[in-house]
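Quick heads-up: structures coming right below.
Both complexes shown next keep chain A, but they swap its partner, so chain B is in the first and chain C is in the second.
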Partner chain A sequence: MKIILNSKKTKETALWLFFVGPIFILFTMFFFVPIISGIVYSFTDWDAINSDFNFVGLKNYIFALSIDTDFVASLGRTFYLAFFNVVLTNVLAMLFASALVSNFKHNNKIRTAIFLPNVISMVICGFIWQVMFTKIIGKFGVATGLGFLDRSWLGDPDTVLFSILLVSLWYGVGYVMTIDIAALQSVNESLIEAASLEGANGWQTFWKVKLPVILPTVMVGVFMNVSGSLKMFDLVFSLTGGGPGRASELAMLNVYREAYQFNNYGLGSAKAVILSVIIIAITIFQFRITAKNEVEM
Partner chain B sequence: MMKKMICTFLILLTAGSVVFASGQQDKSAQTKRVVNILYAKDDVAEGMANLEEAFERAHPDIDFVHEMLMGNEYDTVLYARDAAGTLPDAFTVFNIGEAEVMRWAKAGKITSVDNLKVVKQLPEAEKNALTLSNGNIYAVVNSSTAAGIVYNKELYKKAGITSVPRTLDEMTAACEKLKAAGITPFIAGAKDGWTMGNQIWKPGLDAVFPYEWNAKRQANEASFHDYGMGMFDFIDLYIANTQSRPLDADYTTQMALFAEGDGAMICQGLWVYNSIISMNPDMESKMGFMPIPFTNDKTKNNLYTQQELAWLISASSDIDAVDTFFDFMINSPEGREIFSRDFAVINPYGIGFEPNPVTADALSYIEAGEYMFNHHENSFPAEFFMVHSSSMQEYMGGTITKEAILDRMDAKWLEAMSK
Partner chain C sequence: MRINKQSLNEKIVGLIMIFVAVLWLIPIYFIVINSFKDLRGVVIFTEKFPDSFNFDNFIEVWKVSGFPQLFMNSMIITVVSVLGILLFSSMAGYKLSRNGGKGAHFLILYFILVLIIPFQAIMIPLVKLLKDFSLIDNRFGMIIVYIALQSPLAIFLYHGAVKSVPRELEDSASIDGAGPIRTFFTIILPLLGPITTTIIILNALWIWNDFLMPLILITTSYKKTIPIGTTALFFGRYANKWHLGITAIFLATIPMITFYLIAQKRIIKGVTNGSIKG
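This part shows the complex of A and B:
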């Protein structure tokens, strides 16, 4: 009996190793090891070339948060952009979803048009909009009499973040809208009918009935959006390069430059850890809020 | 049973591939020496291919492996190979100054090249410029390039400008004449900050700041305020005379607008010639080249030159094989012919070549002794190229003053030193 059990256990272990083992090894190699080594390097003065480095304690963290004004400013810009990006993406996505959830002619075509930017690489998106902002929008403004469009969208520090936000919305709204449409379609019709019989108008039905039901699903979109906004890199890199000056340098771009252009890998790692801690803290906060709402449901 | 057989077959296949692959590598390593190079200069790629053929014919015992990468991925690949322990035997770097090269030297990753034949034959002045603070030379330099103003001779003529402006006042007058003729004097590519940080600020530093200022700055006994204001006379002139919305135009747009004749001048280097010709072949006979006139003292407005194709040699390389390769490239009749024809670069070895009109103008300044080596920026902290570029963009956008830029330079210097 004992032998049979052992053999069963061995089989189960072998099966576990067969299915989980490869991905576990890959995940360890390309996720856990880099994270741990990144944290270790953040306490050193490593320059990526010299195999010798010194442990410098909290020096990199103190420098990043109290001396490096560019990094602190880039964090401020990141939060600013992330706030508007998350709010506007989700509000617009919900508006589009509500409008497109019912079946009508050309419904699918409009959904596809809104979702389409999401299939393009973010870098390509940046280059496309670079041409739009510098060569097309201005001329369009002149031709149509909309003079306010004829300005330097990417070269003016006052408008550059707005331009990035615009492209980010163009890119991201479709994806969240798709999640929201799926959520709205899952709302039980009897609930809506009951609300209607109680005399609720459209807004009340949405606010008091539909939204509470779909909130857990909506929050999935918000999670992804918050994390994506705080980590935004490729769009800024290709659209503005962080300029003019450093007016659109977000935190991830600052980290990239510190490590890969200025060769301060230790300091760059410390900045990356700071950003990660912020994102993790916000995500945990979001999870708690969502979990609370789900319980209340 | 079937599953077992398939699993066994896959395991054997994988193991066999590994053994086969490692066996192949061992075999070639045993029979031949290798010179493996990595570089970031696309216009010599054809020359390298021709060199490979000629060199391996002349030295059948040495394999010459060359790889060219451009853009941001060059550094990424270089560092990745270093981390993997496969640093190329020779690799190019963009800056051969103390700050960049000593990082590699202190890490023991590169070897000094004082004893290489091609380095020994360099002119003394060139050797002195390449010698670092520890008394060693680490870079094998194949060529130099120059940054200045590329101008459109036809538009100059149209505006009635008969001679190349060599002082700030003459350049101011030239801009006025160009504008009076309805021609935009300068085309900027300010969206890419380096087109001003590298091509205006860096030459300006060497034109305006004395050579000895650098040592004082390193010792924290000098400030950017000492001479910095002197650079802004030309910078202000430049900003006042560019096309509209210069911050919307990147490097490619700058090239395209100049190639189309939308402006008379660009602050760039010799490397733009081929790009402009490819956009508009008619520009071939129209382009000329001059130093940037930062001041009204013509003797200070020399042509800014910098080492271009500069190689660091890995400490783990077969240094004799590397020496043989560079000696073949520079001193053998076949190598010299390829270098002259396919590289066609300004070089310190006296190898003649057929220069294009822009390079010919640069050579005329060099031959007249009206040139300067890049000096100051070479020893600056690595992040200063970013400080220069972003500050120039902000200044052009009107969001920072001259004084604030110079204050920032001093502050950033101290900040970089405290990292």
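This part shows the complex of A and C:
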């Protein structure tokens, strides 16, 4: 009897190893181990030149946060851009989605066009817009008499972040809009009819009837947008390279450069940890808010 | 009367949205038309429609940049990674869903770490790790990393989908003498089609378009994928040669735009499924 039980247990263990084992090992090796080693490296002076390194305590963290003003500035810039990006992307996406759930016959084609940038690599989108900003928009301004359009959009520290925001909206609105359309279509027709019988106008129906129903789905779009904005890298890499000077250097680009351009792996790791902790904190904060919302509803 | 007013409103909103859609396509339009011009045409008459369609740029970029090689690399890396993700995550999602309990719960929390901890936290150590395994600058190494990092979300999606598959199926298969592994692959997995499509679409788009991973992991030019290869061209060989740079951009967008136009409905569905359930 005991032997049979044992073999049953062995069999179950073998099944676990077969089904979950491979990905558990890969995930641990290429995700969990690097997290731990990244934290360890962040306390060292490891660089690309010397193969051995020394522990330096909190030196990298102190340097990153109090001496390296460029890093702190890049963090501020990232938050600033992320804030406007998240608000504008979601407002525009909801506006477009509301317009596109009507019976207008070309709605599908319009949706296809607005979603299109999403299937293109973001780094390629940066190049596309480099052409727009440097070769097209200025000429359009001259031709139409809108002289203010004819300026160095990417070369001027005052406009470069705005230019990045514009491209980011062009890229990101379609994705959130797609989520919002699905959410709006899931609202029960009879709810809307009831509201309209009660004399509610479109605006009231949206805020009081539709939005509460679709909020959980809409929040998914918002979250993806928040973390995407905080990690923005590809677009800046190809559109501005962080310039002019460092005027558009976002946090991720600063970390990348510290590690791969200046070869300071230890300092780069510390910066990566700082950025990650911020993103993790914001993510957990978001999870909490939605959990609370769902309970209330 | 009321209905007429409503449909008039719909038409006005519709016309505004057509304008928005046109606005959205303008950048693509300028890339397309400038691919057919020579350098002078691009620099001086950027906004003009080309007088004639000249394919010289395409021939030049196709031959000199090794575009077919970039395409093959993107294709192989995307397809193999997606297959790996499907295999490992469906197996794990199934087991974790069917044999719940403390261990399974803990494992799911462990995998979900990937949704909370951003890639930058592992970026620098990952390069060293792959160096130690001699998997740096190696397409196979990158595939392994994609599988490791992209599977957790898929496990999560499969975990949910398996719940809707009745357990009786396994019981009857087991009475018929089929072992658990065979039952999974021949009976359960085929029933998970819809979520599998979603996972394929989301991961294919993500891996094909990814830039940061190949940027830090791949250095040899013939091993590069389309996004990183095009970037190298734009900043390297074609710096200041706008006509060739723009043609390279256009070529880089063709595969995914084609895929989008063919599989549009499934892509839209994948995006909405992935976010509502994820």
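Quick notes on this one:
Note that the second predicted complex is superposed on the first by the 285 of 297 C-alpha atoms of A that agree within 3 Å, B and C clash if a C-alpha of one lies under 4 Å from a C-alpha of the other, contacts with A are read in each partner's own complex, and residues count from 1 in each chain.
One rule holds in what follows: a contact is a pair of C-beta atoms (placed from the backbone, for glycine too) under 8 Å apart; a residue touches a chain by one contact, two chains touch by 3 or more.
These figures come from a predicted structure and were not determined experimentally.
Once the two complexes are overlaid on the shared chain, A:Ala99 sits against chain C while remaining clear of chain B. Of the two partner chains placed by superposition, only chain C is touched by A:Leu15; chain B is not.
By the document's definition of touching, of the two partners only chain B reaches A:Leu154; chain C does not. In the overlay built on the shared chain, the residue A:Ile49 is in contact with chain B alone; chain C does not reach it.
Contact with both chain B and chain C is seen for A:Tyr260 once the two complexes are overlaid on the shared chain. When the two complexes are overlaid on their common chain A, residue A:Thr144 makes contact with neither chain B nor chain C. In the superposition on chain A, contact of A:Ser66 is made with neither chain B nor chain C. Comparing chain C and chain B on the residues of chain A they touch gives the larger count to C. Once chain A of one complex is fitted onto chain A of the other, the partner contacts of A:Ser190 are absent, as it touches neither chain B nor chain C. Applying the stated contact rule after C-alpha superposition, one finds that A:Phe133 touches chain B and leaves chain C untouched. Shared contact residues of chain A with chain B and chain C: 260. The touching residues of chain A, when paired with chain B in their complex, are 45, 47-52, 63, 67-68, 130, 133-134, 152-157, 241-247, 257, 260-264, 267. The touching residues of chain B, when paired with chain A in their complex, are 72, 75-76, 79, 82-83, 103-104, 106-107, 109, 190-193, 245-250, 253, 381-383, 386, 390-391, 393-394, 396-397, 399-400, 415, 418-419.
Residue ranges on chain C touching chain A, taken from their complex, read 7, 10-11, 13-14, 16-18, 20-22, 24-28, 30-31, 34, 42-43, 46-47, 88-89, 91-92, 94-96, 99, 107, 110-111, 113-126, 128-129, 144-145, 147-149, 151-152, 155, 180-181, 184, 205, 208-212, 216, 226-228, 230-231, 234, 242, 245-246, 249, 252-253, 256-257, 259-260, 264, 267-268, 271-272, 275-276, 278. Residues 15-16, 18-20, 22-24, 26-27, 29-35, 37-38, 41, 96, 99-100, 102-107, 109-124, 127-129, 131-132, 135-136, 139-140, 143, 170, 174-175, 178-179, 182-183, 217, 220-221, 224, 227, 230-231, 233-234, 237-238, 252, 255-256, 259-260, 265, 268-269, 272-273, 275-276, 279-280, 283-284 of chain A are the ones that touch chain C when the two sit in their complex.
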